Amino acid sequence: MNIFGFAQQFFDDPSRWTGPDGIPTRLAEHVEYSLLALAIAMLIALPVGLVTGHTGRGGNALAALATAARALPSFGLLVLLTLLMGLGLIPVMVPLVALAVPPILVTTYEAMRGVDPSLVDAAKGMGMSRSRVLWQVELPVALPLILSGIRSAAIQIVSTATIAAYVSFGGLGRYIVDGLSQLRYEKVVGGAILVAGLALVTLGLFWALGRVLVSPGVRRSR
Amino acid sequence: MNFLQRFFEVPSDLQNTWWGLILWQLQLTLVPVLIGLALALPLGMLCARFRWFYPPVLGVTTIFYAIPSLAFFVFLIDYTGETSLTVEIPLTVYTLVVLVPAIVDGMRSVSEDTRAAATAMGFGTLRRYLQVELPIAVPAIIAGLRVATVSSVSLVSVGMLIGNEGALGNLLSDALNYHRPLLAWDAVLTIAVLGVVLDGLLVLARRILTPWARKAASA
Amino acid sequence: MIEIDAVSKRYPDGTTAVDRLTLEIPDGSITVLVGPSGCGKTTTLRMINRMIEPTDGRILLDGQDIRERPVNALRRSMGYVIQHAGLFPHRTIVENIGTVPRLLGWDRQRSRSRALELMERVGLDQSLAKRYPYQLSGGQQQRVGVARALAADPPVLLMDEPFSAVDPIVRKGLQDELLRIQADLGKTIVFVTHDIDEAIKLGDMVAVLREGGHLAQYAPPNELLSAPADEFVEDFLGADRGIRHLSFFDTSGLELTSEPIVAEDATPEQVRARTVPQTPYLLVTDREGRPLGWARAADLAAGTDAGAGAGAGAGADADAGAHARLLPYGHAFRLGHDSLRAALDSAVLSPTGWAVAVDDEGRAAGVAAQETIAEAIRAAHAERAVSMVTADKGGRR
């Protein structure tokens, strides 16, 4: 398999860049699915992670939940839900959200637990209310680690959102699945490269986000 | 390798029983995880030792991680055919992505004082690594192993798309083709339970390996 | 005034951190809680701003039970300084200091200028204003912690081992700074430490606590040193109690003599005039009167020493060789400022056994023999015994 040859073949084709099966369209669809899944996962995982991390209670339950969610096979869930509910966006979103919740949840919890307790002590002693302590002290300090958890989830989502193609949705997975069934491997290669590229762009976005959101005084974690 | 392959080759009629599928899934999960661990340990030690090494290693593994598993499988078919190996190689890579940071974290959790004391007592580098640093790094490493193992268990099912190399995932193709949701339930639940059981075993392993750790440590 | 009224703190597992503690903390002074680990000093401090709630008893602030006030309002009215400062790493120094003012609703401009004002007060250079905590040294961070506690001008300051995490030299600087700030501001300070010397140095009143949260003694530091209540306090005070107690006596009653002092350019006749029978030595000073060292009167009179050979105008430099024959005077004590302890120390350090006193400009004001100092100590003790009977509170030097 000549990967470079296939890649060239894929990207050089001008028709590839327009139309409903064009790269821009598929890219936009893929980004759409990914953003939606990430948003839902963040909506679920961030509050739970922040609160349990702040209070310190429920860590064990959290870990068990995360493990169970990780153990659910994405592809299996997709098939199961499609069989039960028919074609739709939900069977696609559920596995993606299930994939993204554990890293965000666990990392946010650990980030909050990892905040220097003397900071919380000083803040409370100065007369800050509990919610102020959470938002104005713990969160900014825990932010680098929290961002890394969200980043990790984002990359997993970008990579796995290709499964949408199995149930007739769009996205970059379309190239891979179609390429396989049509035995046109240049599409598979092109699709994979695009997904990997999108993941890299995501990494870059998060790096930039970190520069903007994280205070220079907070030591940046890996 | 030959012995290993033969060791795991279950007669094909057995392969199609439920337990046979579970064993097969285990094989497809554990082999990449163990090989991944064997690769990650020296790699992690190098990354912890030489700080400049870590970012490029992370970058490369992340890129591989981002390649959708299916595409990965497809690339490999030309080289490894439609066999278990095609599934195991990408899984090994995915395991590396999780384990290398875990090992680096574990190594970093060993305090400089402990390292210095060991060296001063006359431990050579390798002996110190094996007898002092690694044991202390165990909790972090097992934490990474848990994520890698559980993720692998569920990823294996995608192998179903490569000529039925997905163990329990194979149930899914039948489920789709014959519209039998029960098979899908079967696959999903069995895989999930398998994952949780493996996770529990690893927690047990951690308790056994680190008798000095207090119960106060979170799960 | 803060009244701690029969306060106890017991934990569910049975440990008693504080046991029926009753204490009155006067306004405008530094009260130190000191004791070994497990004596409940930090627990007591944290009960004052309700970080911990007592199991029994109550605490009154200016006559009002602190439980009657909303807890955050109470805390905003008290400064709180902890070990390692607890500065917010994600905020600049100015933002850190302005935390409580902003909580109280001050606008940005006002809290910023207040922060800059406080930085100056605690001895921090204004160039550090926009920096982040990680860029500051430990001592600087502690100063920021103190500034932050003072920002809203609270009447009460709670300090929990604030200087324990820095090295001794930095610690001394911080202690001196605190005393200076207190002299200006007159806050009610409750200070926790495990270091008895820090307690004695800083405290106007010192409460010594025993393991289990019992009060062993509550007294001004010099009373603690001279009359420890029991064996525990005595042990805790450590050795040299008597000598350390001398820091509380001033040198006002000390009889100095300025006879055996000569300038370096003295003539042999002047030397002979200054020679006294009590000591074979004379203190040689430079032309401004600052002490240089001791010399044998006989040598000086014979004209073979610094005095006679000091023809050159450059003073010290020209007589370098001559000065080598001078015995170093050790350490001088400042008249009017230093205590009898410093005077005794000066005498003991001096190779001649005589202490050297200097005035504010560093000029020799007189010398005193060990015997004279011992006499002054005896007199001071006698006077103190009388004043204790008349229930007078001692001062501190």
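Descriptive notes on the structure:
Going by the order they are written in, the chains are A, B and C; count residues from 1 in each one.
Just so we're on the same page, a residue touches a chain if its C-beta (ideal position, glycine included) is under 8 Å from a C-beta of that chain, and two chains touch if they have at least 3 such contacts.
In this text, all values refer to a predicted model and were calculated from it rather than measured experimentally.
Taken as a contact graph, the chains are arranged in an open line, each linked only to its neighbours along the path. Across A-B and A-C, it is A-B that has more C-beta pairs touching.
Between the CA-based centres of chain A and chain C the separation comes to 58 Å, rounded to the whole angstrom.
In whole angstrom, the spacing between the mean C-alpha positions of chain A and chain B is 21. The residues of chain B never reach two or more other chains; the list is empty. Residues 54, 58, 62-63, 65-72, 74-75, 78, 101, 146-147, 150-151, 153-155, 157-158, 160-161, 169, 172, 175-176, 179-181, 184-185, 187-188, 191-196, 199, 218-219 of chain B touch chain A in their complex. Listed in rising order, the residues of chain C touching chain A in the complex are 49, 51, 71-77, 80, 82-92, 99-100, 103, 132-134, 145, 148, 158. Residue ranges on chain A touching chain B, taken from their complex, read 1, 3, 59-60, 63-64, 67-68, 70-77, 79-80, 82-84, 155, 158-160, 162, 173, 176-177, 180, 185, 188-189, 191-192, 195-196, 198-200, 203, 222. Every residue of chain A that touches chain C in the complex is listed here, in rising order: 116, 118-119, 121-129, 132, 137, 140-141, 214-219.
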